[in-house]
Structure formats: structure tokens, C-alpha cells
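Presented below are the structures under discussion, each in the form of C-alpha cells.
Both of the next two complexes hold chain A, though its partner changes from chain B to chain C.
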Partner chain A sequence: MPGVEGFMYPNEIELQWSVLIVLYPFLTGLVAGAFILASLERVFRVQAVKPTYRLALLTALSFLLVAPLPLQLHLGHPERSFEMYLTPHRTSAMAMFGFVYVWYLMAVLVLEIWLDYRRDIVVLSESTTGWRRWIYRMMTLGSHNLSERALAIDERVGYLITVIGIPSAFLLHGYVGFIFGSVKANPWWSTPLMPVVFIFSAMVSGIAAVMVLYMLMTWSRGRSIDMRCVDTVARYLFYTFIIDFSLEMLDLIHRIYESDESFRSLDFMVHTKLYLSHIVVQIVLGTVTPIALLGLTQVVKLTEMARKRIYALAGCLTLIGIFAMRWNVVIGGQLFSKSFLGYTTYKMGLVTREGLLVAIVLTVLPLVILWVLVKLLPPWTERNSGLLPDARAAH
Partner chain B sequence: MSISRRHLLLLLPAAAVAWKHVLAGTPESSPNYTMSQHWWGMLIDLPKCIGCGNCVRACQAENDVPDGYFRTWVERYHVSDYDIENPVVDSPDGGKKGFPPAKEESGKNFFVPKLCNHCVESPCTQVCPVGATFVSPDGVVLVDKQYCLGCRYCVQACPYGCRFINPKTDTAEKCTLCYHRITKGLTTACCENCPTGARQLADLKNPKDPIHEFLKTHSVQVLKPNMATHAKVFYAGLDGSVR
Partner chain C sequence: MRDTEHSGLGTASCIQLTATSEPEGGRASLRRARSSTGTTMHAFKDSGHLFRLAAVFVAGILVFLVLRGFLVPKSFGQYGHYRGNAMAEIAARPVNFAGHETCETCHADVLDKKKDGKHAHVNCEACHGPLAKHADDPASVQPPKLDTAVLCVRCHEANAAKPKTFPQVASADHSTGLPCDTCHQPHSPVIGGGAK
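== the complex of A and B ==
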């Protein structure tokens, strides 16, 4: 049979989870990571990263809004997905997705963004005209009180939500890791390290995404990049990446040393069908190279321009590497037979419901949403930028 | 509160839709069948299997299984004397049309019919996010296709590769142990069509079922016992190389 080597159980030849299921953990990882970066400023008082605080929150929201779409498109019966809320099966790791998602979206992210922007929204609802005014008036939700006491309450509640948000971000993505890690039938997935690796890889991807977006947006606005900020963000990225890589290596060493019944099969897969995406893209290009580049900036005194270029390159490579990691987990976990006697091939469609085109659209869509959000709620802290300083002046 | 004619006209279609939804979960009736009196499994006496593929064909005809997908299939193992841990296995079209002559002469060749193991602790049931997959009170793992989302988590969770997504219904499908037959006192299509009696439906709660005598006098094994799924398809004469 074409695409099949050795023996697969006959029902295994067709892969069940496609590139869309690769996108799902990639998108939720960016959400969780971006939020953790935002919490650095809010909870841990790392003032240097303040310029990225609001951008990180808006980035998290943009990606979170798109995160369920690949799942919906993948379901055989998307019209029944609401049953997960009505009759969740308590023993299923997947059943909690809806609740975790709604909790994170409504109780954490939207609420925190609204509280943080409330003052700006009220000011903008009075200073703008036309359709913008109507949008801002709706966004105030009827709360126009800008007294010092009201703003102090916003600040306190916002802080509390961020504190709750940190374990929620861990829950959001650790839970995604558990969906894979708890499948005992699949030795490629079944490891208690999976949720922890997912959390740290999420932090890595989220921090890298916000760092690259901040640099790109600041450059496109013709402003100067706050080097103290990106130096700090890059340092956190470096530390988190080292933890993430160590965990992945721990998993690898453990597998090699134990060499259980699945090892020969998985080892063969990594050296053949997954060689390019796992060894070359994920480990060499997407992990070791950015760690080395970021490490270089920590030990060698480089010029500002050199650091900017290194951060941009390392950030992009990191995102490619984390996407490859999701690919290798999801697709790699389905390429070998549970009989450990054979391998199949993933054939991605181009213009099908779960094909490449849809995957590209779903990757670009959060960036479009982010562009709209940034226009509507400018996250910039410099004076005379975006809508708000003008509005404040008018006020 | 009084209901006007207009309200009634609006309510009636809604009630009809709701009632249809309630009835959708009602199983086909079998008046003389009491679920609590049965506990179904299957016995497969491997030395008797000749790899004819009758069981696969019967299953596909009985259950309208789409081409390329299998509720049951037959594997042929070739185990070399020198490398018992690396058997060579084939199952052309699930063994539906039998097997071509074996290439290797040394070592041993034998057939292994496979089907859903109707596990007591079934991983597929555990992971279903809405409970569309369930274990019936008489021990059969079933899928409610009116309720299944088609998320495919159960397919990933089955250690035996017994599940697939039916392209006609976009829902999970697998062996039902011919539930529509066994609740009417019949045996499964695969057992009925096995020319050598290698497959035997077993009711573990029925003291008169021959399975009890067989289990007393033979060594049996289940597939992948390390998965601790409490499988109820028992294999007699199972070679250690079978996965």
C-alpha cells in the first residue's frame, strides 16, 4: 500500500488528527505564554517589560478567539460540539475544554483587558465621533465612573485577576498537554512530562511572539524600540527556553535509557519520517540555534543593532521550532502503528476542510484580529501615539 | 396561565422536536431480552483459524461497513525461529479475500482474527468527551452515532486499532458484537460464518455457556494485557509475538 511501510492495523492507515490539531496547541500555547509575559509586569513588578504589557494581553486575546476554530473545523459534527457543555463526560480529559476555554476567555482575559482599558475606553467614548464613538460607548458597558476610587478598584481587581490568571494560563495549556499525555495507548504521547513540557514550550512561544510583534510594530510605527524592554524579554525567553529544552531532553534520555517495547519503533521513526521536522527543524534550527543566539547576547556585549537582529532572528526561529514541536507531537504520534511493526504517511490536503489553505488562514486570522484590536485599543505607552493621548488631551 | 391558540401552534413543533430528541437515545426494543442477565465476550481459538476471511466479509455485509474500514479483520503472522520478537505481519484488505500463499517457509505462520475487545475498563469510553461511547449493562462497548461529535479521541485511545470514523456518518464506529442480533438470541455474523468454529460468542453470565468449560481446560490470553483494559475477547493458543 502506498505510504505504508511494514504492518499497520488496517484502521490506522488514515491519520485521525490533521494539521488543524497541530495548530490548536500552537495557538493556545501562544495565548498562555503571552499572558505569562503580561503577568511579569503586573504581578512580579518587572517594570522593564511594561511596553509589552498591553500588547501581550491583546495578542493573547487574538489567538484565544481563534483557538477553538481548528477544533470546530476538525469535528465530524461541529453542530454537536455544544453537547460538551450540556453533557460533559467527567472521565474525559477533553470534556473540560469548553469550560477551561470559557473561564480563561471571559473570567480572565476579557475581564483583565476591560479593567485595564476601562479608563481609556471611557475617555475615547467621549472624545471620538461617528462609529468609533458607538463602539467605545458599547465597550464601556455603562460604566463611566473615572473617580480615583473607581480607578483604584480597577487596579486592585485587575491585579487579582492576573494572579488568578497565572494558574489559569498553566491550566489552559497544561490541560492541552494532558489530553495527549494521558493516552496510554500511544507511547509517543503517554508521559507525565507532557503537560509540563507543554506549559514551558507555551511560555517560550508566547514570549517570543510578543517580542517579535513588539519589535515589528514599533518599527512599522517609526518609533524607537525600548532596548531595556526587549533585553529583559529576551533574557526571560532564554531562561524559559533552557528549562523547556532541559525537560524535553530529560524525556528523551529517559526514553533512550528505558528502551521499552516501543523504543525501537519510535527511534526508527525519528531517524526517518520525522528526521526533518524533529531533528533538523525542531531541535537544531528551532531550539539549539535560538538558545545559542540568545545565550550569546547574555555573555557578549553587542551593539544595539546586533541585539535587535539577533532577537528578531531568535524569536522567529523559536516560533518555527515550537510549531515543529506541536507538529511532531500530533502528527508524529500517529505515524507509527500501535503494533510497533509499521509506519504510515501524513498526506495533507491543500484546499480541503482540514488542508493547508485553511491552516494558513487560521494562522493569519489572529494577526488580523490583533491588528483590529491594536487600532481600537492602542497598547502603546509612549506619549503622542495612537488615539488615546490625543483623546486625553481633548479630555 | 392560559395558553392561547397561537402559543399552542408555536409549542407543538418544539415539543415534537424535543420528543424526537428523547427518542433518539432509545435502543431498539427486544422484549424478551434482559440486559442484566448477560455479560458478553468472545472466545477465539487460534489454532482453528484458517484465514478464510469469511468473518470479515460477513461483518461487512451485516453491518454495512464501508470499504477500507474494518470492524473485524484477520492478520497473518510469520514468526522466524531466530527472531521471535520481530514477526512479519500482513493483512491484505483486512484478510477479507483470504491470503496469498506465504513466502517464507521456515518458522511458523498463523492467523489472528481481531475485533473490538469490549474492554471492561475501555480507554475509548473513558476519553469520549460527551459519553457517546459507553459500556452497556451487558458488557458491550457501543457508540451512539446520534450523539458522537466525531472528535476522534476514542480512535486515538484504543490500543488495538479497532475504531475508525465512518465516512458516511462522520462518527466513530467499531464492532458492536452484532448487538442487534445477540439481543434477539442470535450469534454474531462473524461467529455464524466461521467455518471452523474458531470464533465463539460467549455469555460469561450464563452458567450453561460452553465458555466456562473451555476456560477451565485451556490456557487463554487477552491482547496487550499490560494495557489493563480488562479485555473480554479471549484468545486460546495466542503466541507471544502477537501485538
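== the complex of A and C ==
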């Protein structure tokens, strides 16, 4: 059979989890990571990253809105997904995702964004006209109270929500890692380190995404990039990346040392079928290179221009690397036979329901949503920007 | 639509106040302002928008609960995590398979041939498909003719995952496209010899 080497059980020949299932942890990872970056500013009071605070929240929201779509397309019958809320199945980790998702979307992200933007929303509901005005009016919930005390209360509650939000973000992505880590029949997945590795790689990808988006958007608006902010974000990216990389290496060393019955098979797979996506793209291009680049900016004094270029390059490589990591987990875990005697090949469709085209659309869609959100709720902290001239330029 | 006391001028002055303190000292000055004025009465009023939001959430949850009341079938959970009535509904569906004892009451000749052969334990309807309708009324419901070139390989096509003891052939080499029943008698497939 073409694409099949050695012995495969009949139900292993064709992969059940497609590129959409690769996309799903990638998207949720960006959500969790972006949110954790936002909470840095809020909870740990890292003032320097403030220019990215709102952008990070909006990024998290737009990716979160798209995150369940790959699952819906993969499973089909999207109308049935509502049933897991109606008759919750408490012993199924996958079924509980619905609640993790709703909690994170409604109780954390939407709430935090609303509280943070409330002043802008009220001002905009008075300064805009037409349909915009109606949207903002709806978002004010009919309360135009902008007294200092009201805003102070918002600040307090927002802080509280961020504090609750951090474990929630860990839960959201730790859950995704848990789904894989708890498949005991699959030695490529089954490790308690999986949720932890997923959380740290999520932080890495989210921070990189927000950094790149911030630089891109600032540049496209013709503003100057706040270097203090980007330097700080890049430094955090560097630190989390080192932790993430150490964890992955720990996992690797552990596997090599333990050398259980699956090891030879997995080792062979990494050196053949997964060589390009695992060794070349994930480890060399997507992990070691960005860490080295970011490390360089920490050690050597570079010009602003050079730093910007390095950050942009490192950020993009990081995102590619993390995507490759999801790919290697999801697809890699299905390429070898559970008999450890054979390997199959993943054939990605192009315009099928779970094909490449859909995957591309689902990757671009969050950016479109983000664009709309940024238009609606301008995240920029500089004066004179967005739709808020009358409020912010008062002095 | 809006809080009367905070409309117009009031809002504008607040915005100015907060705008001056942007961006760094914003939070600090707000907190200072907070501690210097106001009573619990005010705190209640000033968190009015939060109560509105809470109301929206409560309304959402209520809508969900009402929907749930309508959408979840009444018999759900009666026996387990599924709709209890499903059991009765499935039981009430028409039977498709008659079972080999039923076939054998009329087709004793086939049984005679089959019972000593290697297919003795393969049920009639495993090959002929569900035929309960035919068993009820053989005159009007004719079983469809079987194409052995398709039928037999369903079980006998060689596959490494099948137990080695199970008889398997690579049909392309073995029969070169001929229907299997040109050589094998389906009800007693072993060719020649006493083993049948």
C-alpha cells in the first residue's frame, strides 16, 4: 500500500485527526498566551508592556472565537455541540471543554475587555453617529456612569478578573495538553508533562503573536514602535521560551533514558517521517534559532532597527516553530503503529472539509475578527488615535 | 436609556479628569480620589453598571435553563446518560434479520449441504443480507442475487491483521477476477475431497 511501511493495524492506516486538530491547540495556545501577556501588565504591574495590553486582550478574544471552529468542522453536525451544555457528561474531558471554553470566554475575556473599555465605550457612544452609535450604546448596557468611583470599581473588579483569569488561561490550554497527555495507549502523547509543555508553548506563541501583531499594526498605522515595550515583551518571550525548551528537552531526555518499548519506533519516526517537521522546523528553525536571536539582543547592544528586525524574525520563527510542535504532536502521534512495527503517511486534503484551504481560512479568520475588533475598540494608548480624539486629546 | 445624573456635562468633566492622568498615573490618582470622597451609598450607585452586567448574565443563564427545560428529553437519565425512551423506540423498530433457524425451516436442502462444510457456522444472512421480509412472505419478496466476486473477499481477502489460521487468499492472484462460485460451492466451499 503506498505510504504505508511495515505493519499497520487496519484502523491506523488513515489518520483520524487532521490538520484542523493541529490548528485547534495552536489557536487556543495563542489565546492563553496572549492573555497571560496581558495579565503581566495588570497583575504584575509591568508598566512597559502596557501598549500591548489591550491588543493582547483583543487578540485573545478573536482567536478564542475561532478556536472551536476546527473542532466543529472536524466532527460535523455543529448543531449537536450545544448538547454538551444541555446534558453535560462529567467524566469526559472532551465534553467538559465546552464549559472551560464558555467560562473563559464569558467570565474572563469578555468581562475584562468590557471593564477595561467601558470608559471608551461610553465616550464613543456619545461621539459617534449612526449604526456605530447603536453598537456602542448597546455595549454600555445603558449605564453612562463614568464617575471616578465607578472607574475605580471597574479597575478593582478588572484586577480580580485578571487574577482569576490567569489560572483559567492555564486551565484552557492545560486542558488541551491533558487531552493528549491522558491517551494512555499512545506513547507519543501519554506523559504528564504534556499539559505543562502545552501551557509554556502557549505562552511562547501568544507572546510572540502579540509582539509581531503590535509591531505590524503600529508600523502600518505609521506610528513609531514603543521600543521599551517591545524590548520588555521580547525579554519575556526569551525567558518563557527557555523554560519551554527546557521542559521539552526534559521530556526528550526522559524518553531517551527510560527507553521503553516504544522508544525505538518513535526514535525511528523522528529520524525519518518527522525529520523535517520535528528536527528541522520545530527544533532548529522554530526553537533554537529564535532563542539564539533573542539571546543575542539580551547580550549585545544593538541598534533599534536591528532589534526590530530581529524581534520580527524571531517572532515569526517562533510561531512557525510552535505550529510545527502542534503538528508533530497531533500528526506524529498517529503516524506510527501501536504495534511499533509500521508507519503510515498523512495525506492532507486540499479543498476537503478538513483540508489545507479550510485550515488557511481558519488561520486568517481570527485576524479578520481582530481587525474588526480593533476598529470597534481601538486598543491604542497613544493620544489622538482611533475614534477617541475628543476624549483623549482634551489636554 | 442612561443614568440621568451622569449625563451631559457630568460625563465630559469626568473624561477630562481621567484624561489628564493618562497614562502612567491614572490608576493611582483614581484610587486617591476614591478614598477621599463618597459613602457606601455611592459605592452602590457607582457599581450600577456592574449590576446591569450581572443582570445580563443572569438573564442569559435563565434563557439557557428555560431552553434546557424544553430541549432535554423528559426521559433523559432514566437509565443512564441517554434518553430512556430510546430503548422502547429501538425495540419497536421492525426486525430485519430472521435468524438462521428460520431460514432452515424452509431451506433444509441448503442446511444439509452447509452443515458439514467449512461455512457451517457462517449464518445465512451474513452472506444473503437481512431477509426477514422474505422469510415472512417468500412468494412476494425475492432475495437479491449475490455477486461472489464482491461477497467472498469481504471475509477472505488476505490481510496481515487477520489471524493466520483464518483462510485467506489474495483474490487478484487466486481467482483473477472470476466469481468465486465458478469453482467454490458457497454453501460448502472446500473444493473436492471429503472435508467439504
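Definition applied: the second predicted complex is superposed on the first by the 387 of 395 C-alpha atoms of A that agree within 3 Å, B and C clash if a C-alpha of one lies under 4 Å from a C-alpha of the other, contacts with A are read in each partner's own complex, and residues count from 1 in each chain.
Simple rule for what comes next: contacts are C-beta pairs under 8 Å (C-beta built on N, C-alpha and C of every residue); 3 or more make two chains touch, one makes a residue touch a chain.
Quick caveat, the model's predicted, so the values are computed rather than measured.
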item	value
Combined model on chain A where chain B meets chain C, clash or fit	clash
Which superposed partner A:89 touches (first chain B, second chain C, both, neither)	both
Touched partner set for A:137, first chain B, second chain C, both or neither	second
First (chain B), second (chain C), both or neither touched by A:301	neither
First, second, both or neither for A:114, with chain B first and chain C second	second
Which of chain B and chain C A:186 touches, first, second, both or neither	first
Chain B versus chain C as contact partner of A:123, first or second or both or neither	second
Which of chain B and chain C A:7 touches, first, second, both or neither	both
Of the stretches 81-89, 99-107, 135-143 or 171-179 belonging to chain C, the one that collides with chain B	81-89
Chain B/chain C common contact set on chain A	7, 9-10, 87, 89
List of chain C residues in touch with chain A within their complex	1-3, 6-7, 10-11, 14-20, 22-24, 27, 30-31, 33-34, 37-38, 42-43, 45-50, 52-53, 56-57, 64, 67-68, 71-72, 76-77, 81, 159-161
Chain A - residues contacting chain C, complex	7, 9-10, 47, 50, 85-87, 89, 106, 111, 114, 118-119, 122-123, 126, 137, 140-153, 155, 157, 381, 383, 391-395
Contact set on chain A toward chain B in their complex	7-12, 14, 16-17, 71, 74-78, 80-81, 83-84, 87-89, 91-95, 97, 179, 182-186, 333-334, 337-341
Interfacial residue positions of chain B with respect to chain A in the complex	68-70, 73, 75, 87-91, 93-94, 114, 123, 125-131, 147-153, 155-165, 169-171, 227, 243
